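Can you keep this structure in mind? I'll have questions shortly.
To keep things simple, chains are lettered A, B, C, D, E, F and G as they appear, and every chain counts its residues starting from 1.
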Amino acid sequence: MENKPLSELTYEEASKELESILEKLRNDEVSIDKLEKVVTRAAALSKLCQDKLRNTEQKVQDIIDKLGL
Amino acid sequence: MSTLPTYFSLSKILNRVKTIIDENVAGKEFWLKVEIANINFHRSGHIYLELAENQNGNTIAKCRAMIWSYNVPQIRQVLGKDYNNILKKGNEILCYTNIKFDTTYGLSLLITNVNLEFAVGQIEKKRQETIDRLKKEGLIDLNKRIQVPLVITSIAVIASKNTSGYQDFIKNIQDNQYGYKYNVEIFSSAVQGSGAEIEILNRLKTINQKKYDCVVIIRGGGSKMDLDIFNSYEISKQVSQMQSAVFSGIGHETDITVLDFASNKAFKTPTEVSNYIVNKTYDFEKRIINNYELIFERYNKLIDRKFSDLKLFTEGIANASNSFTRLRRGALHTLMNRIVSSTNLLINQENNKLSLINQENLQQSKRLVNNQKESIFKHSEMLGILIEKVINNERAYLTNALVLISSSSPKTILNRGFTIPRVDGSLYTGQELSKDTIIKLEFKDSVIVTKYVKKEKQWKINPFQS
Amino acid sequence: MENKPLSELTYEEASKELESILEKLRNDEVSIDKLEKVVTRAAALSKLCQDKLRNTEQKVQDIIDKLGL
Amino acid sequence: MENKPLSELTYEEASKELESILEKLRNDEVSIDKLEKVVTRAAALSKLCQDKLRNTEQKVQDIIDKLGL
Amino acid sequence: MENKPLSELTYEEASKELESILEKLRNDEVSIDKLEKVVTRAAALSKLCQDKLRNTEQKVQDIIDKLGL
Amino acid sequence: MENKPLSELTYEEASKELESILEKLRNDEVSIDKLEKVVTRAAALSKLCQDKLRNTEQKVQDIIDKLGL
Amino acid sequence: MENKPLSELTYEEASKELESILEKLRNDEVSIDKLEKVVTRAAALSKLCQDKLRNTEQKVQDIIDKLGL
């Protein structure tokens, strides 16, 4: 499991970690004991990604709006 | 006084002759063919002639003759326009005559009529002979071939001075109304009578030593003149040999003399000759003036035309130059308009391109974000599903475990009717027992105490082995 | 037989112990004498696991619900 | 990504960079992490181009007005 | 682009250069960066041509007026 | 363009040159650059022709006067 | 053009020369360059002929000699 704090993650890293979590889940590599922690991490990662996306989307829109198209 | 022969007075003799003649021939009229050796038109109206007969150049008969004035009108009527030509020296005539003898005047013939037919024939015959001869000798056209200059300035005149014809000629030439000056040389000569022919011939020869623009032979004056001299072969021959053109103006109305044939030009009167010469000069001058005026007119027209041509050229050049620049200006204007619109087009194109790029930028960005969004969504969804699966798996395992556990508990065994054998409190596991060993059989809800008898063979049953 | 008190067991340990009990049961390696004790232990283990599982499920559900999926 | 400061770019370069950005976007070669930066750059490039265009247009118009066409 | 100074150009050359400018504009061979310069040149060329035309026209008129036709 | 000095031209030559200039102008064979020169030449030719005509007229008149025609 | 001095011309020649001059003028065979000479010659011819006819040509002859016609 990655140990980097979420705040230090890029979208890319977050997305990849999410993916790897899914992979582990698929392969039953996650014990129930860790499941909660893993899911929490996954949720956080997903949230992070979504936020980043939303943020990016907004910024792009803003920038382009400013261009006056 | 001596012995003089018997003599008669002339009158007596002539009276006797007269008597003889009167008795024999007087009053008897007859036709006589005879040549006029001489002729004199008397003021009284009577015509006195000298008749002759020639043979081989010798006169073999000669006689005086008269036409009384009272006979003249009849003869004039008979001869008509040929009267003057017939009754002239040298002509042979056929005349009706009677003989008259006068003691004073002698023998003479009284002519009362003249045969026209014979007379004309004779004159014509003689003249024709001369013309034929000149033709035959190739002389008749010679003078005609001489080119008369356009302007006649030097003139040799053969004329009898103090005749009216001569005076008319000189006056017309020298006092002409146009003021032309002519170089006139007079060669005076008798133009009638004996010796005139020779004289004229000599004058012609003298004149021929020089070149004149023309030689004029004129004869003017009285109405009854002898023209026969101008039928002379010799004169015409000389005329044909002249180096200058000869004009004849010998003053006759009707008849044409041989000279008229042989000369360069024949005129009826001296005045006509002078008029011709002056008019020729006038015509020339008129032509010269006319041509010059035409030239001047042409010249003026040419100059005018050239001036207007020049004006047209210059205007044409101005116009062409103006339309030239106008055309260029238009072209320039069009060119610049095109450049401007091309520039605007270019800018608009760039603007559009930029706008499109920006739009696509936005769209691509959105697409990118959306893709990721979807991916994240899917991941999250998957997360739920996988977690459920993990939990479900565990749960299923636990359930199975529970089943196994519950089926394994001693209570369950006993409930199914099985017993648990115990020997001395411990589970009997098949060891050899001594007879009557106490065996306690534990049941579901009781314990039976029994004693061991013997061992029998039995097949093995293992409920946990599938 | 494991001697750890149930409360100290992780799901993993409980599950493993359960497994080993089941294995022994399947192989008739448990004497009737011990059977009851073993079964009792197994039942407790199973209960523990189930509890943990239910607990984990609930928590995971909460986390996932929070993600707003 | 080009590193030239905007002030040193010609219209041509700016336009080309814009196109290349667009191309990368099309080919999913831009990560979300860099998207904002890229779009910002694109916006700046677009702005630069627009300004240059507008400027050119104005100047051209001035010239043409002076020509009195 | 031609480099000859305007003062050395004949009408013919100026006119030809104008045509070539139009041609380049039509074939999109002029970059926006050079557009202003090109249009300025075109304007100057046009002005030159117009001046030459006007000048020539005036001189021609003078000459013809002097002829007094 | 003819190069003969005006003073050496006959009327005929001048007139012909004038005509050929007109022809060239009409056929657009003259460049704007040469137009002024050409028109100047044409004007000089026209003047020369006029002078020659007038001179001819004067001389003819003089002689006619002297001759008293 | 005839080269004989006028004084040596016969009336015939003078007349012919006038005719030929007229003919040439009619046929536009006289150039402006020669026109003066031709017309003055014609005038002199005409005048001289007229005077000669009246024997008053001396004065005109002097003029003609001076002019070299």
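The criterion applied here is as follows: a contact is a pair of C-beta atoms (placed from the backbone, for glycine too) under 8 Å apart; a residue touches a chain by one contact, two chains touch by 3 or more.
These numbers were taken from a predicted model, which means no experiment stands behind them.
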Interface check for copies chain E and chain F. Shared numbers divided by all numbers used: above half gives same, below half gives different; which is it? different
Going by C-alpha centroids, which chain is farthest from chain B? Tell me that one. C
Hey, how far is the Cα centre of chain E from the one of chain G, in Å? 61
Separation of mean Cα positions, chain G and chain D [Å, integer]: 93
Cα centroid separation between chain A and chain E, in whole Å? 66
Counting only Cα atoms for the centres, state how far chain A is from chain D in Å. 33
Using the touch rule from the top of the page, what residues of chain A touch 2 or more other chains? 11, 32, 35, 39, 43, 46, 53, 56, 60, 64, 67
Could you pull out the residues of chain B that touch at least 2 other chains? 292, 299, 303, 306, 310, 314, 317-318, 321, 325, 328, 336, 343, 347, 350, 358, 361, 365, 369, 372, 380, 383, 387, 391, 394
Show me the residue ranges of chain B that touch chain A in the complex, using the header's touch definition. 355, 358-359, 361-362, 365-366, 369, 372-373, 375-376, 379-380, 382-383, 386-387, 389-391, 393-394
Quick check: in the complex, which residue numbers of chain D touch chain B? 11, 15, 18-19, 21-22, 25-26, 28, 30, 32, 35, 39, 42-43, 46, 49-50, 53, 56-57, 60, 64, 67, 69
Under the definition above, what is the set of chain A residues touching chain C in their complex? 31-33, 35-36, 39-40, 43, 46-47
Touching chain E in the complex: which residues of chain B? 310-311, 314-315, 317-318, 321-322, 325, 328-329, 331-332, 335-336, 338-339, 342-343, 346-347, 349-350
List the residues on chain D that touch chain E in their complex, please. 10-12, 15, 49, 52-53, 55-56, 59-60, 63-64, 66-67
